[in-house]
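You will see two complexes here that share chain A, one where it goes with chain B and one where it goes with chain C.
== the complex of A and B ==
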């Protein structure tokens, strides 16, 4: 356990080194936040209560999505390219040789990165949004704790998905195509382009039960207090179920992959 | 007389510099295209992906219009016209100059030095290296949507407005191109800040997909007078669509996109020069 904590801390510190890059990311997230905020204002002016959101709730969605963009890798990015490169180059053999579990190692490192990005890239855009627009943020209440728990579960789901994507390299060697397809799916089905509750008809219903919905839509709905009491438990349960299922699938795929590894030379 | 001659010579040198640059760019690009085509399936997949990435953007807009008839007073074909024009302009600039966002990385890993030793303009080399033909996906998607919107638009076409469409596409691409160059110049100073320019390039094209009436007046002023994105498509497109611009600028401004594009390039070129002159290798 101490080992994985150390890995997580080093993941945090590794990303904390790039201060200028973090500032640049905050700037870009904030600019996109403004652009999306104005389009949503226009949309909700035409149709108040669209998807059950009022205007303030829609704006909260925009700024929360910009805050979680880096941490949950909503539009791609993350450790999987590094993992794929290690698989391609054969360095993965060294990783497997270590007295640590491969999945837990990467999970710890990715959570460290995510925590840094949550603080470094998340807080400022949300604060700017709250200063410039009227948001529907809760006061000091337990909702924030539930929100953070929901974000954490979303991060686990995000990792679970990306671990599967990373492991594809055992079979494909070049992960570029899968990564691109995955980034598109994430961008669209997380609700980054448009909240999932605005997606029309059956398509929307399907989109809302896919794992990507656990990364942004559910945490935002928890923050907006649209999920309380039994609804909150169901929402967190939905996220936890996806997290467990994906982590188990990752474990199974890892077992299948490592059985395949042949270390050449010596 | 000697002064005139010197000036002519300097001008000729400048021209030949540009010609060298274009030639070097062409050579490097041809090499990368051939190398891309060695993995044909991968190329097709990446191009389709590039197409799909931008198409999903529009799917989101189409979903919006499944709930509403007009956004900021603009109908779906009108928004598609804005979307198509900015996508084609941005897509062209991204195709030709998109790799300029690697300057920071090059400074960091030292590959910038290699480029400086080669007998070809550095700007052309950085832009052409790793040329990604797959970016045609965005241009194609924007072009198809623009075609669709032109078929659906209900506007009274005049020779002037018909001509304005290709002019705006080219001028828009040049303005976006200048932004790429200026962003690259900035990276000489702030090596890790590659993401800042995304706010203006990707952010810019996202902004221009929507009608200006959607945005706050000050934001529209900013992208008209400070970073002249409004000249990419908003101002000429409003003329084509027969709508008033929210800032109430005089009518002739709608036709000044090529001029603005030229000024942008001069400024971006100067910035690039300053950036490159101030470049210090990180050593090895």
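== the complex of A and C ==
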């Protein structure tokens, strides 16, 4: 376990060394936040209580999504491209002969990165949003703790999905197409464009039970205190179930991929 | 008895699918390794050479356990690599000249910290090993530099240190001097010689640079088309490759080509200078004596055969 803790720390540090990139990320997230905030204001002026959100709640959604954008890789990006590159170049051989588990290794390193981005790229945009707009943030309460737990589960789901995408490279070699499709799916189904609860009918129902909703929609609803008591437990359970399912799927795919490499050679 | 690496009739066959027209695919089999057997006793440093695509890397991959052999028996330190990959990993070190085992964005020191946790190296041991590597490989000033900023030679030294921190019994070196300048090569070789002598580490060295072999290995194995075509001492390689040494003699004046020297023949004449070729396995002394006895000798020199030519000839035959 200490190994994976060390890997997480190194993932954190590794991203912490890119200060300019972090500053650029904060800037981008803040600008995005303003653009989306004014779009939402226009929309909610026309249709108050759209999706059951008041204006403040909608704006809270915007700024929270910007705060989580980097950490949960809501619009793509992340370690999977590096993993694909290692598979393509054959560097994966180095990872395979090590006495460490591939999935746990990347999970630890990705969580380290996510924690850094949560702090480095998340706090400032949310603070700017809270200063410039009226948000529906809770006071000092247990809601924040529930929110952070929900974010953590969301990060696990995000990793689980992206690990599957990364491993595709064992069969596809070039991951660019999958990555692009995956980024689009993530952007839409996480709710980064519009909260998932504004979508009506069967489409909305389906969108809300897909794993991506665990990355943003659920944590925001926890923060807005729309999920409390048994509802909160159900929300966290929903996220945990997806996290476990995806991590297990990743493990199965990893076993298949390793067997393919070991028997057939890369 | 104490053979750390044992291969018996090891084969590796790949199924390659090839497109053969619209939607139709042909399968065909490639024998990357075709029945190789050898043993490496503890503490020996062996050169493993062969042309590109001969099966060297496939062999190394089987020895680390990331490829399973299609047939045959393979043991490293008593362990079946493909069955017990992570147990074996703690006892071997691997250096790939063309890949790095370090982390690109981390300083060397942090990479070593991860290696230490991964192999659970005890503190005191880790410190002692690191200190030794830092001293011998001149890493002192590089420890806090991120790997991406290191030059190739520096990175290579960093990689070699990383492979040794957990005291492996067996070390695989896959082209450890590729792309390095002369000074870096010399430093790496000197270090490897020390490590081998001091710790009795068993080393399997793959390379295209035959100077590596000449300076480091008493024994050399040549692989071609997946088969071992030679296994023995460097001198034996000359016999096998039918290589020749050359005696260059300067006579007092011009003579017709020298005759009557048993086992030698003139290959070139230039004024008073003549070149005589004789089998590399023979001593130069009788040849020199025979010439000196019948011709007015002014000066002489003996040229050793070029090992690269010897091996090139061997590859061509195989």
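As a convention for this text, the second predicted complex is superposed on the first by the 261 of 266 C-alpha atoms of A that agree within 3 Å, B and C clash if a C-alpha of one lies under 4 Å from a C-alpha of the other, contacts with A are read in each partner's own complex, and residues count from 1 in each chain.
In this section, a residue touches a chain if its C-beta (ideal position, glycine included) is under 8 Å from a C-beta of that chain, and two chains touch if they have at least 3 such contacts.
Every value quoted in this text rests on a predicted model; they were computed, and no experiment measured them.
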item: Joint occupancy of chain A by chain B and chain C, clash or fit; value: fit
item: First (chain B), second (chain C), both or neither touched by A:6; value: second
item: When both partners are placed on the shared chain, which of chain B and chain C touches more of chain A; value: B
item: First, second, both or neither for A:47, with chain B first and chain C second; value: first
item: Superposition-derived angle with apex at the Cα centre of chain A and sides reaching chain B and chain C, degrees in steps of 10; value: 90
item: Partner chain(s) touched by A:104 [first = chain B, second = chain C, both, neither]; value: neither
item: Partner chain in contact with A:176 - chain B first, chain C second, else both or neither; value: first
item: Touched partner set for A:91, first chain B, second chain C, both or neither; value: second
item: First, second, both or neither for A:261, with chain B first and chain C second; value: second
item: Which superposed partner A:23 touches (first chain B, second chain C, both, neither); value: first
item: Which of chain B and chain C A:149 touches, first, second, both or neither; value: neither
item: Distance of closest approach, chain C and chain B, by C-alpha atoms in Å; value: 9
item: Residue ranges of chain B in contact with chain A within the complex; value: 42, 45-46, 49, 52-53, 56-57, 59-60, 63-64, 66-72, 190-196, 198-199, 203, 206-207, 210, 213-216, 219
item: Of chain A, residues touching chain B in the complex; value: 18-21, 23-25, 27-28, 31-32, 34-35, 38-39, 41-43, 46-47, 50, 174, 176-177, 180-181, 183-184, 187-188, 193-194, 198-200
item: Touching residues (chain side chain C, partner chain A) in the complex; value: 12, 14-15, 32, 58, 61, 64-68, 82, 85-87, 89-90, 94, 96, 99-101, 103, 105-106, 110, 113-114, 117-119, 146
item: Residues on chain A engaged by chain C in the complex (per definition of touch); value: 2-3, 6-7, 10, 13-14, 17, 89-91, 93-94, 96-100, 261-265
